[in-house]
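In what follows, a structure is listed as structure tokens, so that the remarks can point back to it.
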Amino acid sequence: MKKIAVFTSGGDSPGMNACLRAVVRTAIFRELEVYGVYRGYEGMIDGDIKRMYTHSVSNIVQRGGTILKSARSKEFMTPAGRKKAYENLAKHGIEGIVAIGGDGTFTGAKIFFEEYGIPTVGCPGTIDNDIYGTDYTIGFDTAVNTALAAIDKIRDTAASHDRIFFIEVMGRDAGFIGVECGIGGGAEFVMVPETKTDLDSVVKDLKNLRKTKTSSVIVVAEGDDAGSADVIMEKVKTKLNDNTKEFKVTTLGHIQRGGNPTARDRVLASRCGMAAVDGLLAGKQNCMAGVTNQEVVYTPFQDCIGKEKPIIPDHLELIKVLSI
Amino acid sequence: MKKIAVFTSGGDSPGMNACLRAVVRTAIFRELEVYGVYRGYEGMIDGDIKRMYTHSVSNIVQRGGTILKSARSKEFMTPAGRKKAYENLAKHGIEGIVAIGGDGTFTGAKIFFEEYGIPTVGCPGTIDNDIYGTDYTIGFDTAVNTALAAIDKIRDTAASHDRIFFIEVMGRDAGFIGVECGIGGGAEFVMVPETKTDLDSVVKDLKNLRKTKTSSVIVVAEGDDAGSADVIMEKVKTKLNDNTKEFKVTTLGHIQRGGNPTARDRVLASRCGMAAVDGLLAGKQNCMAGVTNQEVVYTPFQDCIGKEKPIIPDHLELIKVLSI
Amino acid sequence: MKKIAVFTSGGDSPGMNACLRAVVRTAIFRELEVYGVYRGYEGMIDGDIKRMYTHSVSNIVQRGGTILKSARSKEFMTPAGRKKAYENLAKHGIEGIVAIGGDGTFTGAKIFFEEYGIPTVGCPGTIDNDIYGTDYTIGFDTAVNTALAAIDKIRDTAASHDRIFFIEVMGRDAGFIGVECGIGGGAEFVMVPETKTDLDSVVKDLKNLRKTKTSSVIVVAEGDDAGSADVIMEKVKTKLNDNTKEFKVTTLGHIQRGGNPTARDRVLASRCGMAAVDGLLAGKQNCMAGVTNQEVVYTPFQDCIGKEKPIIPDHLELIKVLSI
Amino acid sequence: MKKIAVFTSGGDSPGMNACLRAVVRTAIFRELEVYGVYRGYEGMIDGDIKRMYTHSVSNIVQRGGTILKSARSKEFMTPAGRKKAYENLAKHGIEGIVAIGGDGTFTGAKIFFEEYGIPTVGCPGTIDNDIYGTDYTIGFDTAVNTALAAIDKIRDTAASHDRIFFIEVMGRDAGFIGVECGIGGGAEFVMVPETKTDLDSVVKDLKNLRKTKTSSVIVVAEGDDAGSADVIMEKVKTKLNDNTKEFKVTTLGHIQRGGNPTARDRVLASRCGMAAVDGLLAGKQNCMAGVTNQEVVYTPFQDCIGKEKPIIPDHLELIKVLSI
């Protein structure tokens, strides 16, 4: 193997740049040529591909976002799109690919590999942490810390006013961000997609809590089965029927995708990036480089996408016990 | 004067604790007894008043929110409510009052002074900066920096995806937060209540900008005449009619009220707090202690509430020039 | 078991409060009485012990330091001191102990248990991460992120001036902080106690790097065998003998011990705190509750203190490869 | 005027990039050509000068350091050096200069203007705030907030251990950073170059304070007449002679120069940058654009360098009163 390509795809996550830096520098250290594909599969189809050097990734380890930019590509879902992409890679003599992204990215990479056979190794870049085969995904730790800093601020004002705050965090299909924010933010309740939300029970507990606490924080993952934070707030307000309290909603939104990556995300991103290149050189393909139990592991894309990754069981217990 | 009371009222703002600390410690340094009234006028009516000591305000200079809590009081708007409040203060022998809050707080303080004659000096505690008689209000600088940090994060993700982001910041009646965030965040446009928003002109400029820039950030104050950020985004999207771009909205919300106060807010809060007590001792009443042109000044409540405070004129020009 | 005591001891670390909160609330949830011992073993000897309630630990999950305070106790190293400590605990009917601290704390706890037999479970509270039996210690993640934020700032000024910066981070016996900061901060070199530092080799590499890079950051753990950052800087400066460059040293110092704990530290602290109480109830004693491979594990104090915890092997390789 | 040059010089400060962006974009908006000179006067002598465009300053408003880099130049102090610098500017047809830096920068600019007559306007870029003619300098607010965040962290650990902490902040000739950090950080004492430090009096007050407070924070500006923080700590320790307390020193160092600029610094930098260009166009020369009493003012370099800028008088009183 002499030439590899690297790209970022899907929703961006903090640490993608640190991962990219690791891919580029490891490749050069191992005496490979490395090419950056801009805007994910979209740029692969458009031939937006440039040689990268050591200095191309200087001073980005600490930056949010991705200097290669990211996009979602409809055209890559078509055989014609993938053919164009292949031809562009072939033109540059690319013999291996590192794909940084989430499950959409890996789904595309798997199909592309099956059709064209260019060895591909993925790196788990998504804030949602919903990828099987790695304890944490790149960006998750930063997103949780960003959300938590926001919750800390809201607690200041909640406590000053005796308010009940509903805070919506990211997580359309997975409650990892919600659960860690709930524990770390000292939330009274956490509502996540993985568990059935019973608002009557919440209201009952809330009434009990209100005897000892004057303000409450409730963390809601955007994908909760009981609805968005707005909807849940209205329902709880109606059910609780307590005019002495104010009910407020804050939807944290896109701030959770940006920001300088945390130490943990930079280290994870660096390990995955190096492991992806070293994996390619060792003959790995159609799989993702992740870190499980502190060690680098390679997991077939099929499992990354298809297998379920559960919330750590004691975490929900923690929220219940610690919110008294 | 031997005994004074202090309270925080209205929406809380970062730095209220630093101000409270300054009031308490200055009072004790000047050999006064000082009492804290909890939950603003509400606690004054309920008699929720406690003696404060040096150590009561230890380790709070850096904390958001207010340890005295805050509330809005409907009962204080009635003569009967104010009578109860007066009786509670009289019971403790209170001869002077420091009121920390915004225009609602000062309106109440002014009426109360006119009816009962207890000398009162205010401190400008509100994130909105819309109080005449002080260059900045306590909490404004922190709110702007919090919003700006959020905008920086959103820029990371906006730039990674070629997106147009509409970010709603606080400011129902005043655009100070919006304007400073716009300049500091490198926003392409800022929409504030003080100026007429012309969406057609924005769309025209946006089309021009799109030739050189791939992502844009538009800051919207919540009180803008063209509507909320959601509404404006929909209108711009329709008018721009460009399917190659994604349009996103983030409403920053209550995070802007919390957080550790900045240096500037702590210093301002400390100055105003000391000046309020020293003002009472010097015979000031029915006025606010603020800082203008780096000096402490006392402004009648009437002017604080009634006079307009304009945005610094070159600020709107700055946004226009720097967004090219 | 009806009554337990909890204390923090040794150097404080961010997350101790979150751990304490978890101990107190879990104990109350499990219907135990819980007592806080102030100032570690020192307060145990002085009888500085108070009943704790749910609200005693409200609003501390996010706070650095420890509300129980910490101290190092010489008297506890004597049999007479430990006897006093035991008598004070006996007076309150304490039947179980949770000890939050590092290896000094656990050494004391082990001896005390062997002498007096009160079941004790520890929680790993130290920024250094040098405790066997847990992947990470409480406070480590925060310390690394604090140091990293400082390194990011120094990189700004280093890059503006073409400087070589030597940054000393904490770690008298262990290089965990140094290594993670080195990877995360994009350092050119990392010097830690676990490896022999060869300054001649560093100077040689530095000369090579200087051809492509104008500024460099070198992270030095305080316990490195080649000396403190000051000493190393002087040696490198002499050996390199390049008058075109400026050499600067920054010793980060005690800022690494404070600050709001990160999400990871809050979650870890909460898990360990709950596990310590549940461990006591399940008959555990003379051991520490830690988290390894995402699961709670109990490790005998003997092993926590005595067994070596190595740096993750690929981490040193990462620094070498990524600094090109 | 058709072509202007801009450079940053002296110690870098956060906000220099925001200022540079404002200079470049205002120049282009006013239809000037603008050239960036790298590494200050050094690059002017070396001819390291490049045309700048709108996009050259994209996405830097929030970045610490200076993308033009900075340096101190000995050669520029010689007539021969300045002649080379002039010839390089002449080669590019430069008719006006914006100089971003502190008093060293302005001293050079003044001499250069007097010798070669190219109109020059300065912008006050230094963290020290010791420039007459502007209420604040660009970078000061960020430096204070960085130092204050560090002091907050140290307070966490100081309070957990009953320690006396001496924290050295920047300020060789001026105590502005020290004073604002002292007020904002709730320091018990602040020692700055502008006032005579009387350690006997400090020790006496410290003994009194120790009756009510268990931990203390003392802020020392690096240029204090009583010595560095290390030296002062040793003296106080000897004089106080209290073995029950631990004495610690932290020297904050270069972290104070880096980091993302605060809102206030970005706005100030933007105003000064625009005013510098507009000043050149309006015929200003040999002067600095600053902001006093919220308005842009131009002050002759001579005054900026030569006139004293005193600490706001009530600030020292504040520290004394509020530390009880």
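Side notes on the structure shown:
When the chains are written out, they are named A, B, C and D in that same order, and each has its own residue count from 1.
Methods note: a residue touches a chain if its C-beta (ideal position, glycine included) is under 8 Å from a C-beta of that chain, and two chains touch if they have at least 3 such contacts.
If you're wondering where the values come from, they're calculated on a predicted model, not measured in any experiment.
Shared contact partners of subunit B and subunit D do not exist in this assembly. A repeat of the B-D interface exists among A-C, C-D or A-B; more than half of the contact pairs are identical by residue number at A-C. Taking each chain's centre as the average of its CA atoms, subunit B and subunit C sit 39 Å apart. Computed centre separation for the pair subunit A/subunit B is 35 angstrom, with centres defined by C-alpha atoms. Between the Cα centres of subunit A and subunit C there is a gap of 28 Å. Touching two or more other chains at once are residues 152, 155, 159 of subunit C. Viewed as a contact network, the protein chains form a single closed ring in which every chain touches exactly two others. Residues 8, 12, 14, 16, 63-66, 69-71, 146, 150, 152-157, 159-162, 165, 248-255, 257-259 of subunit C touch subunit D in their complex. Residues 18, 21-22, 25-26, 28-29, 54-55, 58-59, 61-62, 135, 141, 144-145, 148, 152, 155, 159, 180-181, 183-186, 212-213, 260, 262-264, 266-267, 270-271, 274, 293-294, 296, 312, 314-315, 317-318, 321-322, 324 of subunit A touch subunit C in their complex.
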